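Take a look at these structures.
Two complexes follow with chain A in common, the first pairing it with chain B and the second with chain C.
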Partner chain A sequence: MPDFQFPEFHGLPPFYTPQPVPKTREQQIDLWSSLIISYCHHESIKIIDIISFLDSPVCNNKTIERKMPQSLLEKIITNLKEDGHAEWADESHSRAYIFYKSPAEWGVQIMKIIDDQGLLGEVVPIRRLMKLLSEENKEFEGCDEFIFFRSLKELEKKDKCFIMGKSQGIVTSVDEIMGVKFKLG
Partner chain B sequence: MRAVRLKRARANIKAKRETSSRLELEQMELLCKNLKSALEKHTRNPNVAKMIKKNPELRSKFCSLCYAVGIDPVSLKSGYLKALGLGDFYGFLSSRVATMCAVTAERTGGIIPLPVLVEKLNKGQSDIVTEEDVERCIEKLKIFESGLDIITHPGSSVKLVQSIPREISGDHSLFISQCEAKKINHGTIETFCSILGWDKTRCERVINEMMQNGDLMLDSVPSHPDNYWIMALSM
Partner chain C sequence: MESKYFLPAILNGGGIPEFGKESQLADLSCSSEVTNGGTSFKVRVFFSDHNIYLVFPDSSAVKLPLKHILSINDEKQKLFTRQIIVRYPGEDFYFMGLKKKESASIYDKIFDICFKREVKPWQKAEREARKGTIDKGLFRMIEDSREGVRELVKKTLEQAGDLDLLVENAKQIKYVLDSARKKIADKAKESGEGEEDEDLIKANAFVQEIGLVNVTTKAQLADSDRFYTALGHEIFSTLNSYIRSNGGCVDAAVCYGILNKARGVMIVSPKDFILGCEKMKALGLGLELATIKTEIKDRNIRVLQVAGGFEKLCFENLQKLFDQKSGKYPRVKVSDVAKDLKISGQLALYILEKAEKSLILCRDVSPAGLVFYKNFFGDFTDGAK
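And then the complex of A and B:
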C-alpha cells in the first residue's frame, strides 16, 4: 500500500496550536478529525492509545518540529465522538475507538442490503447476516464485530430492528446475539 | 476670373476627397471581409480552438482583438466565433474559480491573492490559465452575485480576490499584499511592524482583527515569541 499522503495543513505549524478564536478552532478541529479518520483507515488502526498516538507521525511532525498537545487531541476525539466516528474505549479516556464509518452509516448500508434481499420482516440468524453482508458489500469485511454490534444497536435504537439474544438479559456483544429481526417500513 | 478658378479648384478637391474616401471605405470593407473570412477559416480549424485553449498568450491577444472591435469573446452564443469555444472555456474556468474560492475560503478567511489563486488553479493542469483569464471570470461571475471581487490596495500591485463578502479594511488588505510582495507568510508582531512600518499598537490591532476573521492563525510554542500565519499565503 502506498504511504499515507498528509494534507497540506499537516505541514503548517499553527495547526498544532489550539486556536484561540472559536470559529477558527472549530475549523481546525474539523480538518484534524477527517485527517485522523482517513489516516486510521489507511493504516487499519481501529483503536488508538492517546499517549502513543501523540508520538505517531500524524500528531508529531518532526519536519516542522511541532507536536500536538494532548488537550487538542482530546478535543478532536470529542468532536469525532459527536458525529459517531469515535468512542472512548475506557473510563479514563486513555484509549479511543476510531470508526472510519460511524455505526449510523453502517446501519444505513445494512438496511439497504436487507431491503434488497427482501428480508424485511424476517428473522435473520446472526452468522447468516454477517456472511450475507460481506458477500453483498466487500466493505463489511473491514467492519469488525465491535462496530458491527454498535451498528445493530443503533438500528435497534431507531426501531429498525430487534436484536434477539441467546439468553435472557442485555446483549453486550455479537457473540450473544442469536438473530436479528428487521422491521418493515 | 479668379473667383471662378477658385471655385473650380474647390470642386476638384471635393471630388478627389470623395473618391479617396470611397476608395478607403472600399479598402476597409475588403479588409474587414478578408479578416472575417480568415477568422471563419481559422475558427473552422479545430486546431485553432485547441491552440487558443492551450496558449495563454494567444488567448490574451485574441481577446483583446475581440474587445477592440467591440465583440465580447466570452459571451459568444452564436456565429462562427462560437466554434472557438471561448465561451465554454471561460464558463468552465469560472466554475473552477468559484469552486476553488469556495474551497479555500474556509481556510483562508475569504481573501486570496490573485497569483496564489492562479497557482492553485494551474496545479497539476496541462492547460495553463493566466491572472487575466481569472480576472475575466471573476468579472463575469459578478452577474450571479457570486460575492467574488478583486480588490487592489492603493500603493500595492498585488491584487486580492475576496470570496466572502465582508468589509475589508484598508489595513487588512495592505497587510496581506505587503507580505505577499515580500513573500512572507508568517511572523511575529515585530516582523510585521518592520515590514509594514507600523507602530506596535496599529500592528496589534490589525493582527487581532485578522485573527477574529480567520485570516491569521496563531503558532504558539513555549519559550518562543508567538508567530502569526497568514492563511491566504500559506495554503
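And then the complex of A and C:
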C-alpha cells in the first residue's frame, strides 16, 4: 500500500494553532476532521488512543516542527462524533472509535443492497447478511463489527429493520444477533 | 543682660533665646520699613544665626526663621540702597530696605547667614551683580536660574536623588519664573503692541521653551474656542498625510511629539492637544482621536486615526506588506508591521487581530512567537487548492 499523501495544508504551521476566530476555527476543524478520517481509513485505524495519536505523523509534523495540541484533537473528535464519524470508547475520553463512514452512511449502503437483492420484508440471518454485504460492496470487507452493529442499530432506530437476538434481552454486539428483519417501505 | 546690640525687652520673653556678647545679632534700626500686604511699618531688625526678628513700633516682634526663607531678591530702588524681599511659604513676604552706607556689608551678612549652608550658583551671580554696577536684567536672572537648575539637577542625580533638595530649590526657581512671567506681562502692557526689548524677547522664548505658558498663541487668541479651532486645523494639516501614509492610525503620543516638533518652541500641552483633536473631529476634518481597547487589561491605546475607521486603509497597507514578502505562504510578525507602518507594537497587534477577525489573516503560535499568514483555510475547505 502506498504511503499516505498528506494534503498541502498539512505543511502549513497555522494548521496546528487553534484559531481564535470562530469561522476560521470551524474551517480548521473541518479540514482536520477530513484528514483524520482519511488517514485512519488508509492506515486501517479503527480506534485511536488520544495521547499516542498525537505523536502520529498526522498530528506531529516533524518537518515543520509543529504538533497538534491535545485540546484541538479533542475538539476534532467531538466534531466527528456530532457527524457520526467518531465515538468515545470510554468515559474518560482517552480513546475514540474513528469511522470512515458513519453508521448512518453504512446504513444507507446496507438498505440499498437489501433492496437490490429483494430482501425487504425478509429475515436475513446475520452471517448471511455479512457475507452478502461483503460480496456486493468491497467496502464492507473492511467494516469493523462494531461499526456494522452500530449501523444496524441506526437502521432500527429509524424503523428500517428489526434486530433479533439469540436470547431475550438487549442485543449489544453482532455476536448476539440471530438475524435482521428488513421492513418494507 | 548686656550685649553688643540693643535688645528690646520683648525679645527676652516669649521663648526667644537670650543672646550673648558674641551674638551676631545686628541692629538694623536705620533701615526700617516693612511692607506686608501693602501696609508699611517702621521696624527695627535683628538677626541671629537662625532667625530674623522684626520689632514694630509698639514693641511687638515677629520672628522669621531663616531656614524657611525661599528667596532673597536684590533690587535697586529709589529710596533704599538695597532692598530685601524675603519670601516665606504661604506667600507672606517681608520687604526690608537698607539705607545706611554700611548697608552693603550688612546685607551680605544677612545673606550669608540666611544661606549659611551653601550659596547657590545663581545666588553667587546675584551677589556679584550686586557688588558691581551691572544692572541685572530679567533675562540674566532667568538664565542664571536655569543654569542653577541644571546644576541642581546634576547634583541631585549625583547625590542619588536628594528630592528634598530638588523640591526646596525648585520653589526658588518657580518663584523666579513666576516673577519673570509677571514682569513679562507687565512690560508687555507698558510697552504696547510691537515694542519688546531684547531681554523680554529672550525671556519670553525661554518661558515658552520650558512650556510654562504658550504666551503668543493663547494671548493672540484669547477666546479659547478660537484657539482650539485654530489648533484643530493645525493638527489636521500637520498630521493628515503622515497618518494616512502610516496605516491610517498612529499612536496619539507620537502625533503629539510630531506636532510639537513642527511648532518649535511654541509647544502645546497634552491637554490642549486633546482638546484640539476633539475640535478637529467636531469640524469634520477627517481625523479623529480614538481609544483602542486591547485584550490586555488597562492597556488601552489612544490613537489618531482616519475618521470613520481606518480598517480599509490598514488592510490595504497589510496587503502591500504581504506582497513584498517572498514565498507561496508569506507571513508577517507584529514587529514587521510596526516597523513598516511606523506604529507601536501594541497598535500593530491590534491591526493584525482586526484583520484576523475579518478573516483576512490567520495566526501561528510557536515558541518562536506569534506570526500571521494570509487566511488559507477557506481556500482548502472550498476545495480550491
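Quick note on the criterion: the second predicted complex is superposed on the first by the 185 of 185 C-alpha atoms of A that agree within 3 Å, B and C clash if a C-alpha of one lies under 4 Å from a C-alpha of the other, contacts with A are read in each partner's own complex, and residues count from 1 in each chain.
As a convention for this text, a contact is a pair of C-beta atoms (placed from the backbone, for glycine too) under 8 Å apart; a residue touches a chain by one contact, two chains touch by 3 or more.
Here the structure is a predicted model, which is why all the values come from computation and not from measurement.
*Asks:* Following the superposition defined at the top, how do chain B and chain C come out on chain A, clash or fit?
*Replies:* clash
*Asks:* Taking the superposition as given, does A:Phe99 touch the first partner, chain B, the second, chain C, both, or neither?
*Replies:* Neither partner.
*Asks:* After superposing the two complexes, find the one stretch in chain B that runs into chain C, choosing from 3-11, 129-137 or 201-209.
*Replies:* For chain B, the listed stretch overlapping chain C after superposition is 201-209.
*Asks:* Across the two complexes, what residues of chain A are contacted by chain B and by chain C?
*Replies:* The answer is residues 8-9, 12-14, 16-17, 19-21, 23-24, 27-28, 31, 66 of chain A.
*Asks:* Could you pull out which chain A residues touch chain B in their complex?
*Replies:* It is residues 8-9, 12-17, 19-21, 23-24, 27-28, 31, 66 of chain A that touch chain B.
*Asks:* Taking the touch rule as given, give the residues of chain A at its contact with chain C in the complex, in rising order.
*Replies:* It is residues 7-9, 12-14, 16-17, 19-21, 23-24, 27-28, 30-31, 65-66 of chain A that touch chain C.
*Asks:* What does chain B use to touch chain A in their complex?
*Replies:* Residues of chain B touching chain A: 106-107, 186, 211-212, 214, 217-221, 227, 229, 234-235.
*Asks:* Quick check: in the complex, which residue numbers of chain C touch chain A?
*Replies:* It is residues 329, 356-357, 359, 362-366, 371, 373, 375-378, 380-381, 385 of chain C that touch chain A.
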